[in-house]
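I am attaching a structure below and will ask some questions about it afterwards.
Note that the chains are named A, B, C and D in the order they appear, and that numbering of residues resets to 1 at the start of each chain.
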């Protein structure tokens, strides 16, 4: 019995010793889950910015992917620790408002990135407009299929802000092309395997599909695998500009991917947090311009995020 | 109070230490390694966070004591909280909304009970089925969206304090007390022990086993309804994924608490400790900024270590 | 003498019970097919049938090993997490060495090791399987998250991809794998003394032990097999989606359990078949496929699955009642 | 006695799917009499009692209380007439304490509505326990009690309902002699108080010692209702079985014992026995007796490798064995456990499956299982032991106690075991089957098997065994060669001085 207790203690302390706290400014970063590469890019962004600015970031991720109660608990726990500032992606843009209010009440400055929270006070919001990205990348595909033909939409997690807006963009783009027919719009939960199976089923219902609009890259890849599996051809677009997507663009399997740049959002979010702490002026909103990555312009995205430099706020705002 | 509240009958000696040891060790480790841990503010924080899980773990203990299981409890909580939110948003009456949530809990509890007691479908399967049903309904009602616009009056239930103690803690304490009395000082409780220990004993004593089983699951459903109130108040909204997987957290807490899955051998206080242990672990790891991946592993370790210790004790 | 007469009646029922179970299910499958065929004109296309088979293959492979565990009145909640970790390790091995064979070995090996660990927790440490494998699930998920750090590994050599997306005589590879393991699993359970011993353990572990059955070893074996099958399934997934990600195994466990229950295996152990599990997997896949073909709001899927599980098991209990 | 019976059942019939359990059975019980209810297993005794106490409903038939027609629709109604039953398989709840068990379903209401008054329950329980002279704290949880103690709790439970009619279903099955005497004394006291007792038993000695009246059931029919004076044990058995059976089983000549098959040296174990020495030779039956709880079963399990041993050694045919069940069985040892339902059989599985289980390795050395061959082997055993089952495919659960026991033995015959340990082989088995089991044992030793047999019924030991060891509180306190093997000697050694 005793040895058990001891070993348990040992194990725990071992884990913790790895994460001794730096005494400089600390910034707590909240992301939705540990599995989606997008949020990894965000985390890398914050780390990179932190390194250059000489601050310490601590990552908080729900152990259950996208768990609302858990992120809320984590916020409550973090408030106990009083970090100097917080960079916050709400798991759900409505359900986490109480969390933000708690942060406000604790007087900790908080920067909101990626999903715009439905309430609470923020130093600033950093994000990209899902709608316009969806719109422009969809336009890219529709022109590629010559403004006519059949397309399907793969939606993300039902009700998530990201999915809703991107899909809205897709639909508006389709409306612009009267000769394009939307065959179906089904959720695949931002997941590859789901997308693969949904796509397989859609291909059964529809003998001819010319274009696939996927609300993120993993789903786009899933769709591509499904098409290959059935030896069918269709143009596919995704969103996120992930490493994988860029490689597929290079190899011509993926037409284009909307650049929803987690890395930059992480960078800027952290930079604003630090400037705010150092009483420097900060913009209260930074929106990334919608960029469509395709064969013509993928080279800058072909470097792994870890090696990319953080752009300054000015660079982003100016161009 | 009877003199034998904690007679051997109510307290499986061989199992006490498992959870207690783990809890002590955790507190010791966190107390030493993290400055913020042992503060009143943080303790309150941990307890408040644990309330919802406790509200589910209490009935889960009772259900497991009857050699049953309720996998639907998390999904029922979710659906109840959605119904609550929708009702309050549409009618504007918190009372009505709360009753609606309880009604949902009641219906699912009754459904589970009838399927198990009357149709003889094993609890695991019954509640796996109703889990799917509740989840589906939640998605259908909300179409995946979260329901917002809850009046402050409801949110207050979670944020308000009485005599400096947060309301949720008081509610949870009340729930614990009620369950304790139910289990150790009413016929219901006595028969729960019998349901798990020897159903024939009930039959020859002229007590309807079916009726008792149904009551047990109804109790589970109602507690899920109460939990839904807290959950909605906490999130100040209702969301179709809010309660996913909580049934397993609850079961784990009960198991960690030393309630065994056979012969009606249960220990309510152990469940309380189990729930707190889980809360302490998560909180402490967050305070120490342990990477999330390590946190996930730790939770698994907690469950296994606690039961391992119990196992070792049991062999003596 | 009425005892004898009574016994004859009994045995006739006892015989027909299993037959009835199988019939009910095949009937259900048939009904589903007819229904879908009438409702959707594309259902009866070869492509769609193959498509259904390929999707059920995945579910079956996960469930087949788990079936053995449930036959011993145990449960393995860690197979989903097992799939995730096995897939990720296998993926990086393939990436690193470029050798699909090594990858396959890794995937199955890793799965088997995890299964063995479960077996040890259940036998040596006497932790209830439900809890032990639940804890294991969390630990595996933790390791996977740590190992993958939110990244994906993608792009595998085509010869490996064959395993998941390839065809042979116009039939998808996974279907062959499914049939292969249906045979292996069936033979193992019905035609080896190990299988017999597993059924005996499920029916009464004490009696089995006192009859000289090496209960601990058999249980360890069963959990290992279940783990290995999860490892195999992870390879199929890997080969199909051509990439590995931390969430790859998410929500694969309960559907597998559902398939087994719909397949008529009893959670109390001692009764059930691997073939039944295949039928269960088919039923569930058919329904989901049908709902997709008919463009039914996907929110209905959990609800419908739940109802099916309840129905199937209820019919069984009824059948048993008539039997007694 | 010409007065109206205290309670009377007339023309009771009860049918279960496929079998007529009771057919037009009438039964009456008078105040202050002990009414023996005898018959083979499956004769309908338990069913009749379950109907009397309201657990089952009769398809046909009527009840009379003091001559007044009454109905019994549930247990509550039965209790109103003061009917209480002590079932063979106890109706106790392991994790409730003694007091709560005694008053299960009859809890006293507490001060507040809905609550129960546990203090009063304990007080009352103490009173009842004193009444039957059972000195124990009513707060002790039942799962920590021994079988005999649980029996006492059952009795206390029945008496606490101030029963006028007390049904006892084989109450002495699990009791040691001393406890049995206690029980009989109490029965006498109850009789004096005018309580009517219905006593179900397989032990003829008891039937004649206690009974004021005897009713015999067979295959759901009432065969006879007579006074002990009017009959003899043999006649009674003939009535029960429906054919003459000689119960005065005479031990046939045994082969001269061969080599030592099983040898146990200084065996001690944590399960409560120490320094046990014994030997069993091929071709002899050796008894292992002593009071319930003297450590007989524990020793048996330890020898078999089912429980851990701390010191000492076990030799099988001269070779030391590893102390694991697998090892013991592989080397030809067999244990026929105390409780066949929970330890001996996979009830849900078929007769065939159970029979071949232990011998799978021998039957299929390749590891490949061939159903046809397994069924063939099973049928051979079924014929050899005359197990009453239409086919090996029948579920064991549907067989009678005696036939189930035969299946357990058959399992080891098929596995070709050489050294058998029988733990209470005749518990809960009716007279006819008992004799058969004994002949079986004879057959085994004649084929050179060695048998160690545990039994609580000295008479059995005396009849069957060639020698016997007597245990007391975990130690072997004496060995009785055949010449000295008498009940008196066993008791003398077995009880504490």
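Here is the rule we use: a residue touches a chain if its C-beta (ideal position, glycine included) is under 8 Å from a C-beta of that chain, and two chains touch if they have at least 3 such contacts.
Computed from a predicted model, the values in this text were never measured in an experiment.
A.B. asks: Taking contact as defined at the start, I'd like the list of chains shared as neighbours by chain A and chain B.
C.D. replies: C
A.B. asks: Shared touching chains for chain A and chain D?
C.D. replies: B, C
A.B. asks: Among all other chains, pick the one whose mean CA position is farthest from the mean CA position of chain B.
C.D. replies: Using the mean of the C-alpha atoms as each chain's centre, the farthest one from chain B is D.
A.B. asks: Report which of C-D and B-C is connected by more C-beta pairs in contact.
C.D. replies: Between B-C and C-D, contacts are more numerous in B-C.
A.B. asks: Averaged over CA atoms, how far is the centre of chain B from the centre of chain D? Could you give it in whole Å?
C.D. replies: Whole-Å distance between the two chain centres: 43.
A.B. asks: CA centre of chain B versus CA centre of chain C: separation in Å?
C.D. replies: Here chain B and chain C have centroids separated by 30 Å.
A.B. asks: Centroid of chain A to centroid of chain C, CA atoms only: how many Å?
C.D. replies: Here chain A and chain C have centroids separated by 34 Å.
A.B. asks: At least two partner chains per residue is the criterion; list those residues in chain C.
C.D. replies: In chain C, 138, 141, 145, 149, 299 touch at least two other chains.
A.B. asks: For chain D, give me the residues that contact two or more of the other chains.
C.D. replies: Residue numbers touching two or more other chains: none in chain D.
A.B. asks: Two-or-more-chain contact residues of chain A, please, as numbers and ranges.
C.D. replies: Residues 34, 63, 158, 187 of chain A touch two or more partner chains.
A.B. asks: Chain adjacency by touch: line, ring, star, complete or other shape?
C.D. replies: Topology of the interface graph: other, matching no listed pattern.
A.B. asks: Who touches whom among the chains?
C.D. replies: A-B, A-C, B-C, B-D, C-D
A.B. asks: For chain C, which residues count as touching chain B in their complex?
C.D. replies: So the residues of chain C touching chain B come out as 77, 121, 125-128, 130-132, 134-143, 145-146, 149, 254, 257-258, 261, 267-268, 297, 299-307, 309-310, 313-314, 317, 321.
A.B. asks: In the complex formed with chain D, which residues of chain C make contact?
C.D. replies: Contact set of chain C toward chain D: 1-11, 14-15, 190-197, 199-200, 203-204, 206-214, 270-271, 324.
A.B. asks: Would you pull the chain D residues touching chain C in the complex into a rising list?
C.D. replies: Listed in rising order, the residues are 17-20, 42, 219, 304, 306, 325-326, 328-330, 335, 337, 342-349, 353, 356-358, 360-361, 364, 367-371, 388-391, 393-395, 398, 411, 415.
A.B. asks: Across the complex, what residues on chain A touch chain B?
C.D. replies: By the definition above, chain A touches chain B via 1, 4-5, 8-9, 11-13, 15-16, 19, 21, 34, 58-64, 66-70, 72-74, 76-78, 80-81, 92, 94-98, 118, 157-160, 187.
A.B. asks: Taking the complex as given, what residues does chain B use to touch chain D?
C.D. replies: 2-4, 7-9, 12, 181, 185-187, 190, 193-194, 196-198, 200-207, 263-266
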